[in-house]
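Chain lettering (A, B, C, D and E) follows the sequence in which the chains are written, and residue indices restart at 1 in each chain.
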Amino acid sequence: MFDNILIYFVLIPLVMLAGVALSQNIKQIRAVAVTGSLALTALSVYLLVDYLKLRAAGETAAMLYTDSWQWFAPLNINLAVGVDGISIAMLILSSIILLTGSFASWTIMKPKAFFLWLILLSTGVFGFFISIDLFAMFMFYEVALIPMYLLIGVWGSGKKNYSAMKLTLMLMGGSAFLMLGLIGIYYNSGLNSWNIVEIAENGSIPHNWQMFLFPMTFVGFGVLGAMFPFHTWSPDGHASAPTAVSMLHAGVLMKLGGYGCFRVAIYLMPQAANELAWIFLILTGISVVYGAFSACVQTDLKYINAYSSVSHCGLVLFAILMLNTTAMTGAIMQMLSHGLMTALFFALIGMIYGRTHTRDVREMGGLMQIMPYLAVCYVIAGMASLGLPGLSGFVAEMTIFIGSFEQGMADYVGGHGSLRIVFTIIACCSIVITAVYILRVVGKLLLGPVHDDHHRQLTDATWWERTATATLIICVAAIGCFPNFFESLIKFTFSPDIFKVLGMIQ
Amino acid sequence: MDYSQFLAMKQEISLLVVFLLVFFYDTILPKKAQNGIAGFTTLIFGLFTAQSIAYMFCPCSAQDTTAFAGMYVTGPVIMAIKNILNIGVLIVLIQSIKWANGEFMIVRRGEFYELLLVTLFGMYLMISGRHFLIFLIGLESASLPLAAMVAFDKKRYESHEAAVKYLLTAVFSSAIFMMGLSFVYGLAGSLYFTDINLMIFGENSALAVVALAFVIAGIGFKLSLVPFHLWTADVYQGAPTPVTSYLSVISKGATAFAFLVVLIQAFGMFYEEVWQWMLYALIIVTITVGNLFAIRQKNLKRFLAFSSISQAGYIMLGVIAFNATGIASLMYYVLVYIFSNLAAFGVIGAVENATGKVDMDDYNGLSNTNPRLALCMMLAMFSLAGIPPFAGFFSKFFIFAAALQQGSIAIYILVLIALINTIVSLYYYLLVVKAMYIKTEEPCQIPAFRSACSERLGLWISVAGILILGVGAVFYNYLLDLTTSMGLFGSIM
Amino acid sequence: MDATIQILILAIPLFMFLFLGLLGKYLSHKLAGILGTTAMGIVTALAYYTAYLYFFSGDPHFQDGTQRLQYIVFNPVWLEFYGNLHINIGFLLDPISAMMLVVITTISFMVNLYSNAYMRDHHGVFEKGFQRYYAFLALFSFSMLGLVVATNIFQMYIFWELVGASSYLLIGFYYTSPAAVSASKKAFIVTRFADLGFLIGILVLSYYTGVFSFMDFTSAPVEGLADTFKISTDTAAAVLVNKFTASPVPMFMGCSVLTWALVLIFMGGMGKSAMLPLHIWLPDAMEGPTPVSALIHAATMVVAGVYLVARLFPLYLQETAALEIVTVVGALTAFYAAMVACAQVDIKRVLAFSTISQIAFMMVSLGVCRPEYHHGVGYMASMFHLFTHAMFKALLFLGAGALIHAVHSNNYTAMHGLRKYMPVTHWTFLIGCLAIAGIIPFSGFFSKDEILTACGEYSTLVYIWMSAVAALTAFYMFRLYFLIFWWKEHKVHDPHHAPHDQPWCMTLPLIFLALVSCVAGFIPFGDFVTFNGEEHTFDLDWTVAGISLTVALISIAVAAKMYMKENPLPDKMAAALPRLWDWCYHRFYWDELYMFITHRIIFGLVCKPIAWFDRHIIDGTMDAFAAITNKASCAIKGLQSGNVQTYVWVYLIGALLLGTVTYICLL
Amino acid sequence: MDSVGSIIMYVIIALSIVIFSVLAVTARKILRAATYLLFTLFATAALYFQLDYPFLGAVQIAVYAGGIVVLFVFAILLTSNPGDNSEKLESKKRFTGLVAALAMALVGGYALCTRCAALLPDMQSAGMQKIGETLMGTGYQQYLLPFEAVSVLLLACIIGGIVIARKR
Amino acid sequence: MDLNILCYLIPALIMFCCGVYGFITRKNMIAILISLELMLNAVDINFVVFNRFLFPGSMEGMFFTLFAIAIAAAETALAIAIIVNIFRAAKNIDVREITKMKF
């Protein structure tokens, strides 16, 4: 069991849990958290390198490092693991955000309990990304959800009770649909298997069942992916959550939604995905512009960012629904990009909030003069968000637009309706709206004269804050500057799947 | 007249031996030695449980045994069921030691144990009985002494009120139940399950349907299915905490099994599986109404009463599944439910014994004063709500999976409704967590205290169960192997 | 061919940006300025060398007889999409990119040099953020260079965006001033909106052609030289993977898809080049430091739109409908901007509107260019005017900067009669004005003349229209000139603080650019730049030249009459045409219109309702679920009345219902 | 064709069952209600006798009439406060009660009427020997196990009753 | 004229319904208990009648009645104990007063 590298993605967090539980003081807790997340980062990078090596050597299986251990044998439930390029990308993302999140919560109160829950959450996240067994996936998915309640409820701010409850209940509502969908897949795939790869390769879910199960799973994951109209947990939840939790939640957990939509809903039920895509295209297309427009008039920094996440994550689901290699590649890139950049945003907002004790843009101004480091980072994050070339957002969005346009035009020219193309153009409009709200915030918050003279005494970032933000910025810039590396990693590794998916459709 | 048939009833007889030992200990031994009765009972019940579990793995018990011309049946599945109950009773016993040793209980603790053991005996009969007379006697043995136990807390008025409500509704319910039985008898001419099953095949007369409805009502009363549940909350609230926990887990669990047996064995061949549709409606109403009531409760015991009502609805999903997986899932669900609920009641009992407080508001900030108790409570709540990696998640998942195995759209809708209800239930379970962990602004009403060893032991066992039962797949796998190997119409069928 | 030089041209500014941006605060101000200027100087030298190689070396890669070729120096793949769609970051050498290299580096170097002095106060104290300033200048230079050497349309888009961002940073350099902040925001958002059109245009174009590369759109490969292309206007050879030629030709809303694509792409150009109605950002952008205005908003970035159209010109030639649109937009903008420039007080705004007007000239020139008209003179004229305009407009802006630096005000009301105090500035400014007014022998005369010739070839209406604009140009420029340097004597309160000429690093660029403006007109531009790359010698059309010269001189005379001496004539004029004056002064209320659209409509009627909808309807629905659950819970609480008789009643009715309902259902 | 005597007998028994039942639940005085209950139980015993179950009739009289009703009387005396042994019924309660009773009657009556229409067959009244063997037998339709089980139940009820009723 | 089985079942059903009515309307708990006895008794009659009319060969119904009587006795005893108990605690056996716990 322990010769499989993937299992360490769950074991390390578990060891970290034990370590934190045994720690005596905050220094030890920090040490455990940072060491552990560094180890995870290193592991994921190693995995990436090794994986690329294997692929270069001509490995063509859909999933590598697959392994399976019997668990609930009579029901064929196994602890099956395996990764492809997407999972690896997500693992890297998660470990980086966990690392930076640890830095960002350097001085959190009640650190022990906080880190216990945080690491439990990440255990769920890592477990989710390495699992290829529907049951295990679902279990890890829920493991990742519930710590949010306490993390927000105990360490949050504002109307945290309401937000925490709303977030938890809505996400659990999603997982209710999801559970039904997953069990339905199990019974109707004709294989009595929970293994995604097996079902995808050999299973045949009858068409009418697909039409029922696809919406179930897609909505189930879509709730976490902040799909309109199930996104309302996001603004409140993010606004109330403590920094590291917002980071992990927006940065990683929301990606669980997109990942799940792809990995389960579309991967296993392509026909239904093709036929029902229009419903969800409309919803996600609305998400994209709707989130952006909503963000334009918010005054709370976290609300702005939360709505921006709705918009960006909507783009992820939107691109996935294009059922086209390019757009899907873009979707994965967008997940990576949005994960990093929104984590950066939330980290910065947390740091600013920690100093000014307000998140209302109307009560701040001219922070560039007071805390230049944080302000510059904020501008960079904003630029990434509005899709400046050289930063990650541009690459992702462009790939999505090109892919969506390709598919949309193919539909239009092929006489399959103009829905895709219309919504692609609508989605394109988001680049302008994004610019509007990002610049609005940058202008109000960072530039201009100092709004509140009390803010003049505030200090700039501390070293741990610098570490956290710098790491994220480097990652954002790395993706933005060398996109082909990341994109070909993803595309190369998952194109067999997608071609299969598309092959099944056509 | 072959009296050797009694030998088939090893578990019942051993239980009666335990009962007699306790009875004689209570009546014969001098007052001085009486202080040990709680420990003594727990100990010998523990031995009995251990023996019973050990016997389950003995190859000689691998076969189904029928006695009294089919009136009584036992076999691996049934033994497993009984052992699940035994484990639960053992935990209840351990948790109640402190309470039973209280000053107030001295004069009646012997009777407490005796009554408890008799009710367990009654449940055994319900599970093993394949004749409605035996079933009825079992049902009554499991109900009537409980009424006395509910009234044990003589200081508290609520205890009396609860006893009255319980007894009156119980008798009413058994009257309805017997009315139903009389109709069944009129149709089938026999009260043996197998006979009924044969005679009632394809029956679709009004009489049969009404009879079935009455039988379901009678058993549903003990399971507290809506709308037969109204006694539950009052009784749970009024009864002494150990009795409440006993009522909520053991009595409910046993009845669930018995219900399964009755429906499948006696009414399984009913016209177009009418019982499934009845159950379908009951499940929806039960889960929903239970949840709706639970969200407003302030008293934790009352709160858990409603929670247990909705849990009963989930348990019934295992019955409606009507397959081996369903049976295994039901057994597993009850097992997990026993541990989860007992952990919750363990905490409530400990707090009540120490401070007398049972309101949710009193628990505000418990995590600051009694972090371990708060942790136990939280785990229990998570497990009840079905949050992984705690056992409750697995039991819920499997019971849904078992139900969905049927594959009809109707069952999907049912499960969807149940799943949506889990959101509501999550809400109120989280309310408890919120009280303990989040509402910490004001100092906690409950001062830090050290709970008794027995209470801690009980909690440890429950928490261990919550943590291990799910992730450790052996338990479920064992149960599922057991039920599948015995086949759909094995001993239980 | 070795690409080191070309790589360096892009890499040095990028490196300087990173270096000064990250480590700038550890350097002294002076050192940062010197480093930045030196680096730019090196880049300029390299660019000159590259241009020299391209135009004069006669290398077969660059030239095939009289045919100039497009040559790709390097072109690594940056990002792949599907099929042949991949973004490369490369370096394309062709006549216009070589010319643009020269223009950009020259102006940039001048501005770098100039800023060393400009970005200090009178005591020589450097402004806060001086290093940042140089970093941004380097970033801008990098982006602009990357834009002009783009080998494919997506690379152009990338640098297009980067240029926009660096413009944003530079306009907002004085970030403590709310005006600068809002101007920078406005500039970014308006151009971003235009870029949306550009992006969609790219998407359409690339979908139909299956490529991004300019060469694949517009060129035919030259045999034997794989990375060399012949600029071609031949339809069959132009588009490689040609879904456009599929029959029937894909149409959308009555126009061919190609027209749509080109118009949308032109929309990007309109934004960047401040064409009507997307011009509103440019006057506001004058909030940035004046050298920045010279660099970005006069000479380089704003002509990117022209460059874009020129770059895709072979495609535009295939869809003349798009060119008509270019013409109309250009003509309207030119006239509009000239009108507005006549009424502005802020000298930088005058220059800004003049810039808009001049760029519109270039646009019109491209729009009217057809191969059959005089060997496509419009294209050459446009590029020529781009070149000359960059020089003299930079000169004017830098001169204005010197003035502003001297009097600390943007308004000519604070200047008047400065000619004696600042002779160098005065003379150079005058040369700039003469050049823009189109007075022989200054550069503007030649380029504008070619443009008018092209217009005349195309249509008389356009010719007359543009001539009128040229007249207006001469008028407002000399209005400006006279108001600054003449009008009345400058009042000096304190002789020690009298305005005076600036230090050498500010005057040197002025002199240099003035010299260029004097001589650039004599460059035989047709030898270098033509629409199809073939050398062609264009002769001056003396009829057109004579007319325009006369008109310009008359305009100057009118301006002199009105503004040379302090007199009430201007006020009378304004009073005589109050509405016209008002509209011109308020720039035809475009800003107000935009304010109305953005604030009232977008924010007030879209964003706010959506936000409200989200909070109250969507969120309200979710909350309503909770509320309904709670209500339901309260509604049924009577069931649990505590009375055991109710309990059994419910029990019995429940049981009976269970039976009867099931029975009825069974029937 | 039944004999006229048995029909008359039946009419008397049925009427008394119905009338005394109604009286038992409507009587104002609780002691009277107990008395009517007693009459109902006697009528039931008579029914058993008429249907050839003399043993059962005897048990009915012994246990019900002799035991339970006496218990009732004692309980009534124990729990009656002077002056409040008459009760008034709220009209609403009466209505709900009537609804429940009528619903039950309708449903039960319909169910029975649609299914049951047998006439009285001949039957040999079982002797004591047979009853005893059936009660003590372990075979099919013999009831040793219930007999033993019910003994446990009774014991438990005794214990429960004691523990509840005693004052401490 | 023959005596149908219904002739016996209907009076039993009426008896049962009387019991139901009594349970729901009476205030006094002893009266409620009396109603319950009526219900149980009605069930007994049902069993006997079914046994006699439909299955005269066996004695299932009769024995059920026998045990039911025993159970009813036990129930009554316990119920009376509890009622006496609550009478001591509340000085009242009005079932409508026993509603402290609700909702």
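Criterion: a contact is a pair of C-beta atoms (placed from the backbone, for glycine too) under 8 Å apart; a residue touches a chain by one contact, two chains touch by 3 or more.
Values in this document were obtained by computation on a predicted structure and should not be read as measured data.
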item: Co-neighbours of chain E and chain C - touch as defined; value: B, D
item: Far-end chain from chain C, centres as C-alpha averages; value: D
item: Dominant interface by contact count, named by its two chains; value: D-E
item: Whole-Å gap separating chain C and chain D, where each centre is the average of the chain's CA atoms; value: 102
item: Whole-Å separation of chain centres (CA-atom averages), chain B against chain E; value: 27
item: Computed distance of Cα centres, chain C from chain B, in Å; value: 77
item: Mean-CA-position distance for chain D and chain A (Å); value: 70
item: Junction residues of chain C - those touching two or more other chains; value: 626, 637, 640, 642, 644-645, 648-649, 652-653, 656, 659-660
item: Junction residues of chain B, two or more chains touched; value: 133, 137, 140, 144, 147-148, 151, 154, 163-165, 168, 172, 179, 183, 186, 190, 206, 209-210, 233-234, 296, 427
item: Set of chain D residues in contact with two or more other chains; value: 93, 96-97, 100, 104, 107-108, 111-112, 116, 141, 143, 146, 150, 153, 157, 160-162, 164
item: Chains touching one another, given as label pairs in label order; value: A-B, A-C, B-C, B-D, B-E, C-D, C-E, D-E
item: In the complex, chain B residues that touch chain E; value: 132-133, 136-137, 140, 144, 147-148, 151, 154, 157-158, 160-165, 167-168, 171-172, 174-175, 178-179, 181-183, 185-186, 189-191, 233-234, 237-238, 296, 302
item: Residues of chain E that touch chain D when the two form their complex; value: 1-31, 33-35, 37-38, 41, 44-45, 48-49, 52-54, 56, 58-60, 62-63, 65-67, 69-78, 80-85, 87-88, 91-93
item: Partner chain C, residues of chain D touching it in the complex; value: 93, 96-97, 99-100, 103-104, 107, 111
item: For the chain C and chain D complex, residues of the former touching the latter; value: 645, 649, 652-653, 656, 659-660
item: Complex contacts: residues of chain D adjacent to chain B; value: 107-108, 110-112, 114-116, 136-146, 149-150, 152-153, 155-157, 159-164, 168
